[in-house]
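In structure tokens below, several structures.
Below, chain A partners chain B and then partners chain C, in two separate complexes.
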Partner chain A sequence: MLSTGLVYAIIGAAAAVLFAGIGSAIGVGLVGQAAAGVVAEDPDKFGSTLLLQALPGTQGIYGMLTGFLIIWRIGLIGGNVIDLTLQQGLSVLFAAMPIAFGGLLSAIMQGRAAASGVYMIAKRPEEVGKAIVYAVMVETYAVLALLMSIITLFYIPL
Partner chain B sequence: MPNSDRYLYAVGRISVMETRLVDSSKIERMVEAKDAEEALKVLAETEYAGHMADLGSVYEYEKILEAELRRVYLEVRKMMPSPEIISLFARKFDYHNLKVLIKAKYLQENRNELLVKDVGNIDLDVLMRAVSDEDFSDLPPLMREAAEEITEAFRLEVDPQLVDLRLDQAMYAEIFADLKALKIPFLTGYFTRFTDLTNIKTLLRIKRLGLDRRFLAQALLPAGEIEAERLLEQLDEPLELILDGLAHGPYAKVVEDGILTYQKTDTLTRYEKLADDYLIDYIKQAKHNKFGPEPIVGYLLAKENEIKIIRIIMVGKINQLPVEEIKERLRDVYV
Partner chain C sequence: MGIAKMNKIYLLAHQAEKDRILQVLQQAGVVEISDLTEENAETADWAELVEPDQAREQLQEIENQIAKVRFSLDYLNRYYPEKKGMLDDLLAEKEVVTTEELAAREAEWAQTSAEVYTALKKIDEELLALRNEETRLQNTRQQLLPWQNLPLPLEELRETKAVSVQLGTIPAAVVNEFQKQMQQLEAASFYEIIAQGRDDAYLVVGWHQDDAEAVQDVLKGFSFNRHNLNQFTGTVAENLAECERKATALAKKRAQLLSAIETQLEYRQTLQYYHDILSVRQEQKLAVERLVRTETTFVLAGWLRAADVETLRQKLSAVSKTFALHVREPLPEENFPVVLENKKYFAPFEFVTKLYGMPHPRGIDPTPYFAPFFIIFFGLCLTDAGYGVVISLISALGLLKIKGEAIRKLLKILLVGGISTAAAGWLIGSWFGVSLFGSPLLFDSMTNPMLFLAISFALGLLHIFWGMLIKFVSLWKAGDYFAAIADVGFWYGLIIGLLLLALPQAAQVGKYMALICAIGLVLTQGRHQPSLLKKFTSGLLSLYDITGYLSDLLSYSRLLALGLATGVISMVINTMGGLLKGHPIGFIIMVLFLIGGHIFNLLINALGSFIHSSRLQYIEFYNRFYEGGGRSFMPFRQKTRYLEIRSEK
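What follows is the complex of A and B.
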């Protein structure tokens, strides 16, 4: 029998992967459409646009990392499942929220910034570095969210 | 998710296509070219080259421009996720065709070479059939209404001017009705500015010709920001007063410089150039919204502007106008 606390912890793991993953899927999709348009007219731009397209993908990885950390800490991996109290379970769930929603929104916004970058290098291929920097700026907030989620998860007493 | 991602692919393609627009240095070289032939050589370095293969002489430059306009419309229409936006701009071809057909029928002049195929919204055959059978029921309501009125009026008296005026009014009424449904401020803004600037020009022309208010009312396009009544009232006022009335509006710069030059030189060339530049300046803001249809429209209009510029240069070169005179007429470029 799973304790209620454990159920909340698993919901947290799922939410981290789910929302950050949705964000990345949308973000990468946005850039992909913009890039396809550019490459249709100018196939040489494939390499640099691919680089930009990959950027909003990181949030999904961060979500996955957080989810993995949760199921490791509650002992789902390894077989020694910890019997979490309700308080512990809820703490784990909320510890997952920064990357779940920070990841969701930052991936979409990063997708938009990267799509604009794709348009920019359509006109100025030599400025690909700047286009990447603009998109990477958004990454800061995904990293901050990930950091908060991970640190909290490490130190929640279970 | 907002459906702003509908245009991503198309805008991606447009971003690359914009880089192929004829830039100001090539325009400059065309203007400075010693004759029409040399100007065309500069054009051969651009994407117009594709249409120049079987060109008989420089006098056929119009063929190149036509082919390019057709190519751009077909291309953009194909990639545009909301073709009704392109239809707004393609409507002028339908109305042009209808004008040519009606005039051909009643004035017995065969000008089939003026008809534009493929780029309009309405199949040319449908228009031809409608005019020859005098049955306009297959046409859109406002076009139909105008065409029926014209045919009715022609039973009494054939007046070719009526065709132009009445159909232009119907076209803009139709465009503004569509704009209301589309709810894209950028497009409404463009057409409002366009009709206003055109109406001011019409006012000046008709004033010069000494025609009356009834005629002006027929010639004004509907739905600009400046009300028709205001323009009608100004018909009998001296030029200075007209200028004063408009000098505080959004078109101050165009109107001031344009009308002052008109007073001095008696031509509207300067006004027309300034009005076009004003519109190009307006559509340049399309470049800032990368997630809507604006850049696609911007490209289409930039291309039309470019074709206009090339036409001005070629006409100038063929008529051996001095470089300075051509430059005076040249419009700004989009890029």
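What follows is the complex of A and C.
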């Protein structure tokens, strides 16, 4: 029998991967559409547009690693499942929220910024650095969300 | 060091020597030619003496030539693409030719490229005709194919005085009904279904002219669609066979044309060289369009590095006895193009500087100042000794093989960044996510992330203070001692004072230090405002900038987040791989999975590390002192892909 706390913790792991993943999928897709249009005109821009497309992909990875950290901490991997109390389970669930929703929204917005960056390098290929910086400005908030999630997870007493 | 000293030059020489001089300038590749034809203050006092120089006709001629060569190259590439990977472009070396060799070979190249163009143009026309022929043949085949079982020669299906015979289709769905009606019809007629397709039935219908109306009524009722094959003679099968014969002949012709294209492939390199020559010449003519002239002379204005002036003068003396070169310093308000000059070890980091844009011509080149931090941050973002070693090895290998200048700079950064990554990974004991050599040298980031966070903030503080110091020194050197102390010194005091508050022994000192500096800021930061009230309010508001410092400092927490991300993803890969071991086939899959997984992790995190380390420079560091808005130096030089032209070997 799984304890209620454990169920909440697993919901947290799933939410981290799920929402951050949805965000990244949307973001990467947005940039891909823009990039395909630009590369149709000039195939040489594949490299720099791919670089921009990779940027909103990181949130999905952050979500995945948060999810992994949760199932690692609650002992789902390794076989020694910890019997979490309700409070512990809810704490783990909420620890996952920063990256789940920070990741979701920042990936979408970063995708938009990067897609505009793609249009920018269509006109000015030498300015790829600036296009990347604009997209990376958004990434900051995903990084902060990830940081909060994993620090909390490290220190929740289980 | 830093931003190169630039000089403005004016070169006056004879029109007769123009081509030679431009060639020398282009090969030297050190002068950026300014446009003198635009009206500006510089030419104001001698503007009536000169008129814009131009080379429009020659330029047109060269552009025509280029278009032809490009047509040939594109045509060859369309049918026989050059097989090239991404690496081949990086590894390619240019062929070196001297100016004399070029003169000897150019006529031959021009001849060859003209011949290739004529040949390919002819082949192109023939291919077009061939394609039309093929389409026509295909249509005929489509038209005849349903009738292939019709045994009669088609010329016999003509209308006579007594009998009419027609070919046509009716919808397949109504065939039975049609047969019934035809049987009931009392008329001298016959019909035969030749073929039955999915949608239509193909039939031949005949009738005596006396009964024509009755039969045609029935046909109309079944929406009979007449097919006209009058243009053919002989049976359908014979005609189809003829089509086949023609198709084979066309295919053979096509193969011949393709092999005719293939015979031109041997000239591809010649065409590439000739294209380079033409574009070099095109650049020369475009340069002419920026000059001004009198009847017998021309004037060229441009920028070059002060260090290059003497060598340029020597090179010009070698080809001309009669030229005047006037050199001057930039005027105080004049914005000259920016060249970054750094010592050997810092030069690669210009790559990062340029990614953001050039600094202001009279500003500071940040390259040497951020380079050490960039490397440390890069290492901390990756923190895996194994990844560091891999990055260093690959970059070292690339440096041995690759010649391209920009890419070499990047590789050099990655080489050092890899070493820094290896060092950071070694300190926290992570080799591909595993502690290979027992306990970590310093601490384990997984069990003690707060220490890692503290280190990140400490480095961030150092980075920000370093940036403030640069500002302080540059103000001090400029003689603005007051601004140096008021704008930078007080902030130093305030931040250090606030930090001291955290230490019990120094809290008292910190309190007064912060207070004094805060008062200093309030009193000085509004000094540019006109009224006393505004001075006070904007001074007070300047204290709000403390939030800027705070958020910049917090931004360095990304070092921990990215460092942990690399570590945790490695752990994920290793754990998932570990599930597969214990079974012989599983073991092989595990090895492949581990390799693929770690390559993925390395790529995505190395990219992240690079851009986040850059960002910490661009935003947090540049904020303190940097002034951008410089324009990159774009010298008049040879832009070639395959050839390198030198005056001598």
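Quick note on the criterion: the second predicted complex is superposed on the first by the 158 of 158 C-alpha atoms of A that agree within 3 Å, B and C clash if a C-alpha of one lies under 4 Å from a C-alpha of the other, contacts with A are read in each partner's own complex, and residues count from 1 in each chain.
Everything below uses one rule, namely that contacts are C-beta pairs under 8 Å (C-beta built on N, C-alpha and C of every residue); 3 or more make two chains touch, one makes a residue touch a chain.
Everything quoted here is computed from the prediction, not taken from an experiment.
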Contacts for A:42 in the overlay, against chain B (first) and chain C (second): which applies, first, second, both or neither? first
For this session: Would you check which partner chain A:29 touches, where first means chain B only, second means chain C only, and both and neither mean what they say?
Result: first
TODO: Pick one for A:123: touches chain B only (first), chain C only (second), both, or neither.
DONE: first
Exercise for the section: Please work out whether A:140 is in contact with chain B alone, chain C alone, both, or neither, and reply first, second, both or neither. Expected result: second
Based on the superposed arrangement, let me know which partner A:113 touches: chain B (first), chain C (second), both, or neither?
-> neither
Winner on chain A touched-residue count between chain B and chain C: chain C
| request: Check whether A:97 is in contact with chain B, with chain C, with both or with neither, and answer first, second, both or neither. | output: neither
Chain A contact set shared between chain B and chain C covers none
Listed in rising order, chain A residues that touch chain B in their complex are 26, 29-30, 33-42, 45, 112, 115-116, 118-119, 122-123
As the complex stands, chain C meets chain A at residues 354-357, 446, 449-450, 453, 554-555, 557-558, 560-562, 564-565, 568-569, 571-572, 575, 604, 607-608, 611-612, 614-615, 618-619
The chain B residues in contact with chain A across the complex are 1, 5, 8-19, 79, 290-291
The residues of chain A that touch chain C in their complex are 51, 54-55, 57-58, 61-62, 64-65, 68-69, 72, 77, 128-130, 132-133, 136-137, 139-140, 143-144, 146-147, 150-151, 154
